């Protein structure tokens, strides 16, 4: 533990610490995120709340992300106590728990958005940092409404797509291609403190990207990321977001399909998982106040590798949130 | 050809006949249903129109049936010209074509229902018998609205579930568990000429079945079907439906998951494909005016066996519709 | 509810009832058996305790059953409140909970057996009926030691194999091929009240079966079961076991590999899931005091059908145990 | 061993007996058929020679059967020493060995047929009974040329298809749809002692079946087999073939795709593996002089169930050949 | 559109433009390449013709590429209108259509080569640029005979293997390992304007490479490509091919098996899809007159990632061909 | 052949050379490592002995590596005679054979270790270089006891994990997480000549790595390997190991799960197969006296890519051992 923690905090966090794989096999027990305790969303003493949003009713590609939370839960139990690369021991920094799933309506996107927002707002109001596992990318919209309620937040957005469409199919405005446009329109996301990394593939039209750029969103297409190198990308992302509160959204299709075939709209030429780790670890020190990992669709990957990548990336995001929560407290 | 057909009809049907596997490999060519020609829904000369409805936005279980039409198209190209068991050569009885897919909105069930109904009504008005491939089971509702528009039809419904729920999640009334209740309510389905075969598994409550029976729907649970034997079940089904126009709806989860694992809500203890063939072949002579095959979710079955079963059952249904169309014409 | 239950019991059981799929999607939430509450094994008020035993270190074939409990948990959440075939509503009969997993040592079969026995004995002593999900079949041995401690129990054993070997590899006596021999030797299993149904395939030698029959175990090979018909088999099984306490052990490889490919030692020519349902439902009224479902190895079945079958069969076994528990109480 | 065997024969056979799973795990060692010794085709002392024919260049459907021999070898190592259903211990009746694969040319069907015939003829001339694993069904043609060289043989043919086409694609006469027509034409197969069981599905035209029947081949379509019951089918098959030498050809697509999805041209409504076992066991006592198991295409079945079924059915066929070889010797 | 196009051309091209995913879901409709119209190969107004060659009868490894065209069709429907990386909108540059499949004979390589050549020559003669999807790599040979008929062409060949063998199995000269040797021998391919990129793995002997180099073919093994960096490789490839007409052949096994496991002869250490995109985008400006993408064998990849990569790479190749066609016209 | 070999050695080696894919298809024949002859471990004339160790009873994660040897055998038959990248023709340097599998006891880790040690020691005593395919990583411990018996050896260890735990589950000391600690304790492995490359992921605690470093083991975590570049890592590894005898252990989970999903404990961010090739080829010239490739668990990878990578990496290791054996002889 790199710094002094009040004894009562340390004791409380120890009570929330997941079981060690040295004592009991990591494949044992009902699967919760990181083998954490299942807890009621309203329970006291929790600093970071992990939860699932099993909703994919806004997908315009191949569905299946509704099954993501359970698959990521299962895979995430393979993670251990300490991040060997950074030395961060997240459970020393924050009491973490699995808060279950938001009660979605799989057929009604608008109603589900309202429920997600209510669920997340409750956490935020109780001082719990939300870390959600989707579900399709629409879920980021109500999550941003909750974390950006008291003022627009910045955004680190790692994805193959910009998700700033205006709508599809003649007027459908709540799709997994529109969350960040909606969030900007609602004033909960500050576009000038927003960076999107890894965009690539083909597009229906260039309008979507033009709109985003016109708002001030910084887009780093994959080709640019490769050409400039990840260290430079990380530095710019940090500069864009700055020191104010920010949200982190990771779409698993940022990874190349070789690393994450189990997602609805894969685009070749993506990040390797090693590059994704590099990107995430470069975000230490930012004031992250919430995050999500979305679009894991396990049925599309019989090897289970996508959920495995999701679970391990989720651990990295948790490390970031835990460090940030700790920094805010000191 | 067992009876005389006017020359011009025979010639027209020959033009619509799919390519033989003796001349070109059945795995070649872009996949259309049964290797039929792709045709515009409004094209003339077509007697049976096969089309897809790639919509699964009303699924309450595992999604994926939106990918069903393409997978069934591919698998169905393995069928040949003549049904060896019955001797029926459907392409002699009716000019058949692949009319493409209904233009669905994957995120909006109500709008999609309107589009399905409009598409199907157009066919019915032009005298084309609709044979649809889902998609989730909600699609049967607008299809029934189209075929039952001029008067309520009867129904042969082969499925693991009754799909006569009133709604879910506090008031959502358009789900894949409600189509037949909606159709009865709308007066397009005559419950007293309706039989449901193969129901099984667990239920949330007995209300759904009570409602159906109260309407006069004849339910033959799987256990009863097995106990009485399929010949008796077929005989009763024929009696319930009678000689008036009827619709045939086949949910692939009527099959046991061993035969069709690729579906959203499998229930063990289902029909073998052999039993399903027996059931379908027992329906010859009924005045079938439309049909559907639904709930094939190919991503859930990496062997492809579910789509294969779907494609071959679709051929059987096509044989029934072709014979019925021919009978009406004579 | 078919009979009068004291109000306090009904209220308590209602508290333990799992969430309905009409209210929240069955694919949501961290996966516990049947969506039941996770509870401490020592918690009060529980009548039937479901738990996992993620151990496959005694497998002599293909491994993977250690991953069975989680996969069956996930699949079992698809079951609902009421058994449509029998009308049994198990959660009205007994308060049920998911007690987590026995803390196994994946590398040490003897130590794991001790832990399973201790865990199960604790339940039995508190009046909780154990329903375990393996894991390989060795786990039945310590389970039988717990339930048979106060007197040898009878056994309904549905399996492709007799599992009454003396040992393998020059003296290894704790394998998944030996549990019932060990249990008879220890006096916790009464061989004359023991019936094994569904045995088939090839054998290394006939000694194993000879030993079993010499003890008085009634073996019904698959061929005999088919020739005589399941009703007769059920009747005989009931007669063999009689009215005294008995245990039910179901090896998923009793099913044909078409219905359950995900198991270590499949043998063709097995039961269909429909036959398995028939067998299980025929056991209503027996005084069942515990049970297990073993050998689901999900990695060996990318379709997930094996775990799906396991979850639904587990529901049937739960219905039997719930009725029996209720009968004992009245 | 049910009858007296000269000591030297018993000793020789014991030398060829495969390792027992009680001594070393059945999953260990390089995979040969049934864990038998690999032997040179010209080696002495062998009574039944198992070998592979990894050729699928004559497939008109989905390819992959060239990978069948290896997959069946691997799966067959799960079989043990004694057939529990019949009590037959094949390795007591005949010295068996794995003779490797015929040296095929994957691109040249005619050349490969010549090689298969030469390989098989060599065995027949040395008194070794050939038991081949395909490969596509064309391989039966050169095998029949070898075993029928000194006089036409009878045939038990279990399959979904008749494989008596004249040709395809404008004159290609060596395809997996033509072997039995070619064999009849060549006079190595006696059509009046030939029975085909399990035919079903759709056909390009009825000519193929008409030709077969005109030759005197007895066709038992699946529907007839089901209607009359397997005992009657077995009895008729035995009568057709009679007491003279006969060949057994088993196409894995005789099984329903639920039991064997890994094959190029699956047809729903097929045999269960239990029915297949019943059929095969009904052939005891026939003078079988060779056999094959064909069309296992493992890439088409990620569960491995098809190869597993293939390996276990191969054991049943081996039992038949071993009994027949023993009967001829006495 | 970066330059002026005659109005009639623009209008014609607009008629051939595929449907946008903003209007109808990209997963809907029968699958054609890029959702393009299916058209008769002899139809007028087409500038680039995409077609399939479902032939794998010349494969010496694992088969399955005959199923490639359909799988790539399905996957390619996920591509959109504009290449986001390059800004190229191919459907503005050329009228494109799906011309169906060449009518192959799966059992006869020589006959199939003749048919491919005739089909392709027809296109070339009508001024249609051929873009073929295999099938195994032998198909490049007749394609080159068609495009090189009026003079030898250059070649960009991206592959793990040189495919310049002389023959196999004692004289078989038409295999998927020989197309480029045959094309050089026939004078339709100019070896001094030929570059092969990405070769690696083990070889039967060094003769094959020696022959290629002796002809003047420039081979860039994978190790050299990595050591020098892709920009240098691209520059050299451009220099080798020069400004004269050239053909582009992309074997999917150029990709590492992590990116494309679904191919017959994978070799580890291959290109990432990002590198492949880099290579292809480096070829802008070359006078490409035809191309192919071969060796996608979907059955060998249950995740579907290989076909997905194939479909997206095909879009890149289409962009190259469209730009080149446009350049030739101006 | 780059140097003079005595004629009798060349002739002997030629007898052991595997069949060429130019003569017979590489997919034909029972699968042995690299299509080598199966030979008795005690046979004379062999210089490098490849063998399997189908044991995974010490796995603490997902099991299945017991099926690794057969899967790697099958996949390795795709390798050819000459390493195209290095020009090494291993079968010219050493007579190689497939010695079958060590007779393991799947349930008893201690007994299995004794058997592995005895098997390997026999080889070492006869001058045969052992090259083993696991199985889980515990197998390296008895292998090191055999090769380090006459003096501690150095170690190149490529892995995601250090495998220097002291024990798990309250005292279990023989697990796949402990082999190198045990080997150091036994004095058969010289920790100061030991380098571990590619470590990453999360850890239960930092103790394990602290212990290793305290012994003098050089650990190169993945992040350091990437930061410094592989050439520098290779150079340091060579320096650490020096010129004395060393052992090479390659855990397939060193690869990223995109390249090798079929392993029990995957960690994202690993090596690409190209990087692994680079690492291995950098070890030419070291005095390698034995090696292993472990943790391939084929059931966890339905694409087969993991075994494919394993087989091709095994060929690279074989090239290293062959060159080293040749160098020792000269």
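Letters A, B, C, D, E and F mark the chains in the order given here, with residues in each chain numbered from 1 onward.
In this section, contacts are C-beta pairs under 8 Å (C-beta built on N, C-alpha and C of every residue); 3 or more make two chains touch, one makes a residue touch a chain.
What you see is a predicted model, and the numbers here were worked out from it, not measured in a lab.
Common neighbours of chain B and chain D under the contact definition above: C, E.
At the interface between chain C and chain D, under half of the residue numbers involved are used by both copies, so each side presents largely different positions. Counted by C-beta pairs in contact, the busier of D-F and A-F is A-F. The interface at B-D recurs elsewhere; of C-D, A-C or C-F, the pair that shares more than half of its residue-numbered contact pairs is C-D.
Separating the centre of chain B from that of chain C, both taken as means of CA atoms, is a distance of 38 Å.
Annotation for chain F: residues 24-25, 27, 60, 62, 66-67, 106, 168-170, 256, 258, 272, 300, 302-303 touch two or more other chains. Applying the touch definition to every pair of chains gives A-B, A-C, A-E, A-F, B-C, B-D, B-E, C-D, C-F, D-E, D-F, E-F.
Here chain A touches chain B in the complex through residues 56-60, 62-64, 66-67, 105-109, 168-170, 172, 174-175, 299-300, 302, going by the rule given at the top. Chain D contributes residues 60-62, 165, 168-170, 199-206, 209, 221-223, 226, 256-258, 261-262, 265-270, 272, 300-303 to its touches with chain B in the complex.
Partner chain C is touched in their complex by these residues of chain D: 20-27, 78-85, 87, 256, 258-259, 272-274, 276-277, 302-305, 308-309, 312-313, 315. Taken together, the chain A residues at the contact with chain C in this complex read 24-25, 27-32, 38, 52, 54, 66-67, 69-70, 73-74, 98, 100-101, 103-104, 106, 302.
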